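Alright, structures below, take your time with them.
Two complexes follow with chain A in common, the first pairing it with chain B and the second with chain C.
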Partner chain A sequence: MSAFISYLVHGISVGCGFALVASGIIIIYRVTRVVNLAQGMFSVVAGFAAATLLGVGLPHGLAELGAIGLAAAVGVATGCVAIAKPGTSPQASLIATLGVGIFAYAVEILGWGDQPRSFSGLSGAYEFWGIDVPKQYLLVTLVTFVVFGGLEAFFERTYTGKALSACASNPYAARLQGIGVLRMGLYGFALGGALGGVAGVLLTPLQPISYDSDVSLFVNGFASAILAGLKRPVLGLVGGLVLGIAESMVAGYAKASYQSSLALLLTLAILVAQATRREALHAVEE
Partner chain B sequence: MIHVESLCVQYGTAVALDGVSLNVQAGEKVALIGANGAGKSTLLNALSGIVARKSGTIRIDGRLAHVPEGRQLFPELSVDDNLRLGAFRGGDRNPDWIYQLLPELAPRRRQRAGSLSGGQQQMVAIGRGLMSQPDVLAIDEMSLGLAPIVVQRLAAQLIRLNAERGLALLLVEQSARLALSLCDRAYVLETGRVVAQGPAAELRDSSFVERAYLGGPVEGAS
Partner chain C sequence: MTRSVASAWPIAALAVAALATAAMLDESALSVYVLLTLTASVTVGVTLLMGHAGQVSLGHGAFYAAGAYAAGLLAKHGFPTWGALLVAPIAAAGIAAAVGIPLLILRGHHLAFATLALHLIFLSLISELSITGGDVGLQAIPSLAFAGITFGSVRDYAYLSASALVLIVLLAQNLLASRPGRALRALSSSEVAAASSGIAVGHYKLAVFALSAGFAGLAGGIYAFYMGYLAPGSFPVVLSIEYIVMAAVGGLGKVSGALAGSALVFLLVHGLSRIATLSGMPGTAPIILSYAVYAVLLIGAVLFLPGGLVAFIAARRNLRARPERTVQPSTPAASDSASSAVASKRGSYS
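On to the complex of A and B.
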C-alpha cells in the first residue's frame, strides 16, 4: 500500500510538470491554432538559465524568475518566426516551430554544452502517514495549482483573456472589433513560453535536463493536452495528472522504460479515436 | 461621413472593385445592392481596413462599425462577452443599454452565442457593432437566412436608432426590395462597378433595377 501511495505522490508531481507544458501548448493553440512543437524547448532553456543564474550567485526565486522571463522572451521570438508573416497557415507555422526547436539545439549546445545539468531545489521531505514526500514534489504541485487557478481566472474573468479567446474563435471577427490578432498571438506565445519556463525550473531539480529533453517534455505535454481536447488549460491539468500517475504506476509496477511508450500509445489512441469520430469524418468529406 | 473615391481592390489578378465611388452623409440611410459576387462585402472589408486597396481613397469621419455577413460571432463565448468585445477599441464596456435596446437578448446574456437562433445571433452581431458607439453602422446581408418577421423587427430597431440617435446606416443587401424600402439613397453594384445610384424611390421605379433585382419583367427592357 505504501508503495502505491509513493507512486501516486510521484505521479502527481510529475503530472503537474506535464500539465504545465500542456497548458502552454493549449494556450498557444487556443490563440493561434498552431501546435507549437518547440514547447519543450522553453522548459529546457529555463532549466539551463536557472542553473546558470544560480551558479553566478543569484538567490533562489530571483534566478528562477529570470529564467522564466527568458523563456517568455524565447516564446515571443518563436512566435515571431511562426506567425508574424501575414497569411501563414497554422500548418506552415507548425513546421516553423519545429525548425525553431532544432535551431535551439545548436544554441543550447554552444551556450551550455551537451551534458545534462541540474540544480538543487527544496531539500528534505515531509512525512505523511509514514510516507516521505519530498518538499520539491509539494512545491511543484502547489505552484502548478496556483498557476492553473490564475490561468482559469485570466481566461474566464478578464477582458484580455476574452480577447485572446476571441482571436482563436474567429480571427476575422476579432480584427473587425480592432483586436490585433498578431499581437494577441504573440501574447499567447509569451504566456506559453513562461509556462514552459515554470515547468523547466520546477522539474530540473527532480531530473537533470539536457538539450534534447524537449522531446520527452513535448511528448508528455502534448499527450496531456490532447487528453484535454486542446481546449481549456484547466483540462490540461487533468490530462497531465492522469498521464503522470499512469506513467508512475507503470514505472513502479512494470518497467521504467515503458513510461514514454505509454504517453505515445495514449496520444496515438486519442488521435485515432478523434479522427474516426463522425464529425471529423464529415469535415473531411466536406 | 464615408467618402470613397475611385476605389480599386484586387485579389491576386481578379478585380473585385473597379473605380467605386460612394458617399454616406451623417444620419443618412444608404443601401448598397447587387448580386452575389458584385463586390459588396469587399467594399465593406476595404472600409474596415481588412482588405488592402490597390488605388483610390477612403475617408471616414467618425467611427464605423462593420456587422459582417454571416454574423461572425465568437460562438464559444457568451452573449455578454461578445457584446463587451465590441467595445475593444475603447468606450463603455457595459452592455446594459444594448439589452434595453434588444430586450430579447437580456435573458440570454450568459448563454453561448453559438447556441442562439439565427435572428438572435444577428441581434448580437448588431449589438456588438453598436457597442463601439459608431457614427455609422454598416451591415452586410442582415436578412440572409432569417424569417421575414425577424428581419422586420431588426429593421424597425435600426430605423429607430437612425431617427433617435442619428446613426447613419449603410445596408448591404442582396434583398434589394428590403434595402430600397428602408433607405433614402442606394447604389447598385455589378461586377465591381457602380452601375446605378440615386434616391431609393427612383431606383425602385427604374426598369433596370426592377428587371435585375426586384424580379420584374425581362422582355422589352433595355
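On to the complex of A and C.
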C-alpha cells in the first residue's frame, strides 16, 4: 500500500509537470492554431538557465524567475518565426516550430554542452502517515495549482485574457473587434514559453535534463493536451495528472522503460477514436 | 498528358550520372556517397507523401530502421542475404500499411504527432527486445552476396545504393505520371473534391504511405549490409526530421526536388562537419553546426521558398526569359506573378 501511495505521489508531481507543458501547447494552439513542436525546448532552456544562474550565485527564486523570463522571451522569438510572416499556414508554422526546436539544440549544446544537467531543489521530505513525500514534489504540485489558478483568473477576469480567448474562438471576428491577432498570438507564445519554463525549473531538480529531453517533454505534454481535447488549459491539468499517475504506476509495477510507449499508445488510441468519431459526425452532417 | 510513362531521358541521365559517380569517386568520398544516395532514396518517398498525399510524417526514420533490422535479422539467421534485402522494403511497407490503416484517419499535426510517436515506440521496442540485441544492437551482419558475387568493398555498395536510388526515382516518376499519380495530385489540393470525383482517397493515402515506407525500407536494408552492424542509436528522431528538411528544401512533391534537396543539405552538413572536426574546434562543433544548418534551411525553406529550390530556380529562369518575349514586363509585376504562383503552391500545403 505504501508503495502504491509513493507511486501516486510521484505520478502527481510528474503529471503536474506534464500539465504545465500541456497548458502551454493548448494556449498556443488555441490562439494561433499552431501545434508548437518547440514546447519541450522552453523547459529545457529554463532548466539550463536556472542551473547557470544558480551557479553564478543567484539565490533560489530569483534564478528560477530569471529562467522563466528567458523561456518567455524564447517563446516570443519562436512565435515570431512561426506566425509573424503573413500568410503562413498552420502546417508551415508547425514545421517552422520544428526548425526552431532543432536550432535550439545547436544553441543549447553550444552554451551548455551535450551532457545532462541538474540543480538541487528543495531537499528533505515531509512524513505523512509513515510515507515520505519529498519537499520538491510538494513544491511542484503547489506551484502548478497556483499557476493554473492564475491562468483561470487571467482568461476569465482580464481583458487581455478575454482577447486571447476571442482570437482562439474566431480570429476573423476578433480582428473586427480591433484585437491584434498577431500580437495576441505572440502573447500566447510568451505565455506558453513561461509555462514551459515553470515546468523546466520545477522538474530539473527531480530529473536531470539534456538538450534532447524536449522530445519526451513535448510528447508527454502533447499527450496530456490530447487527453484534454486541446480545449481549455485547465483541462490540461486533468490530462497531465491522469497521464503522470498512469505512467508512474506502469513504471512502478511493470517496467520503467514501458511507461513512455504506453503513454504514446494511449494517446494514439485516443486520437484515432476522436478522429473516427469526427468522421462519423461529418458523415451525418453531409 | 495521356502518356502514362514518364519521359525516359532524365532517368537514363540520372542512372548514368549516379553510376559514373560511383565509379569515379575515391574510397573516402564513396562512403559519403553511399549514405547520400540512401538518404535521397528515403527523401523521394517522403516528398511523395508530403507533397502529394499531403501528410507530414515525422517517423520515416522508423521505416528506414525497420528495413535495416528486417534485413539484418534475416541475414544473421541464415536467410540468403539477397532474399533478406528483398524482404526489407516489403517488411517496412507492411508495417506502414498495418499502422497506416488506423493512423491515416488523422490529419495535419495529429498525424505528425502519431508518426513521431511511431518512431519513438519503434526505438523503444528495438532497444527492449532481445532478438534485436537491445541497446547493443545487431553485430556482424554478413556481407550481401548475390549469384556468387559478394559485395565487399565500399564501391560495390555505392553501385548498389545508386541503382536503388535510380529504381526508386523511376518508380516515383512513373507513379506520378500515371492515373494514380493524377489522383494523388487531385487529393493533395482538395481531399473533398478528389473524393467527389470518385477517387478513393483513403486507399491512395495508404498506398503512398506504404510505398514511401517501402522506399525507406529498401534503403535501410542496404544500410544494414553496408554498415555490418545496427543499433537503436543509429536511428534517432532527428533522422526523420532530416528527410523533411531535405524534401522541403528541394520542394515538396517533386522527385527532382528531393534529389536536389538531399544532395544540397547532405553535402552542406557533411562538408561543414568535416571543417568542424579539422581545425581543433571542440568535439561538439560538428553536431552544433549540423543542427544549425538543418534548422536554418528548414525554416528558410518553409517560410521563404514554399515551392522549394526547384520551383524557385524555375521561377527565376522564367523571370529572366520573359523580357525577351513580352513587351513591357515591369519587374514588380513579374515578381508579383511569381509570388502568386508560389502562393498558390502554398495553398496546396494545408
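Odds and ends about this structure:
In this text, the second predicted complex is superposed on the first by the 278 of 286 C-alpha atoms of A that agree within 3 Å, B and C clash if a C-alpha of one lies under 4 Å from a C-alpha of the other, contacts with A are read in each partner's own complex, and residues count from 1 in each chain.
FYI, a residue touches a chain if its C-beta (ideal position, glycine included) is under 8 Å from a C-beta of that chain, and two chains touch if they have at least 3 such contacts.
Keep in mind that this is a model prediction, so the values were computed, not measured.
In this overlay on chain A, chain B fits alongside chain C without clashing. When both complexes are overlaid on chain A, the residue A:Thr267 reaches chain C alone and has no touch with chain B. Ranked by how many residues of chain A each touches, chain B and chain C are led by C. In the superposed model, A:Leu94 lies in contact with chain C only, and not with chain B. When both complexes are overlaid on chain A, the residue A:Ser165 reaches chain B alone and has no touch with chain C.
After the chain A superposition, the centres of chain B and chain C are separated by 90° when viewed from the C-alpha centre of chain A, nearest 10. Using the contact criterion defined above for the overlaid structures, shared-chain residue A:Val81 touches chain C, although it does not reach chain B.
Shared-chain residue A:Phe154: touches no atom of chain B or chain C. Distance between chain B and chain C in the overlay is 7 Å (nearest C-alpha pair, rounded to whole angstrom). Of all the residues in chain C, the ones that touch chain A in their complex are 56, 58, 102-103, 105-110, 112-114, 116-117, 120-121, 124-125, 127-128, 237-238, 241, 244, 248, 284, 287-289, 291-292, 294-296, 298-299, 302-303, 306, 343, 346, 349-350. Residues 35, 37, 81, 85, 87-92, 94-96, 98-103, 105-106, 109-110, 113-114, 215, 219, 222, 226, 257-258, 260-261, 264-265, 267-268, 271-272, 275-276, 279 of chain A touch chain C in their complex. The residues of chain B lying in touch with chain A in their complex are 48, 50, 66, 68, 72-77, 81, 84-86, 88-89, 93, 128, 132. Listing the residues of chain A that touch chain B in their complex gives 159, 162-163, 165-166, 169-170, 172-179.
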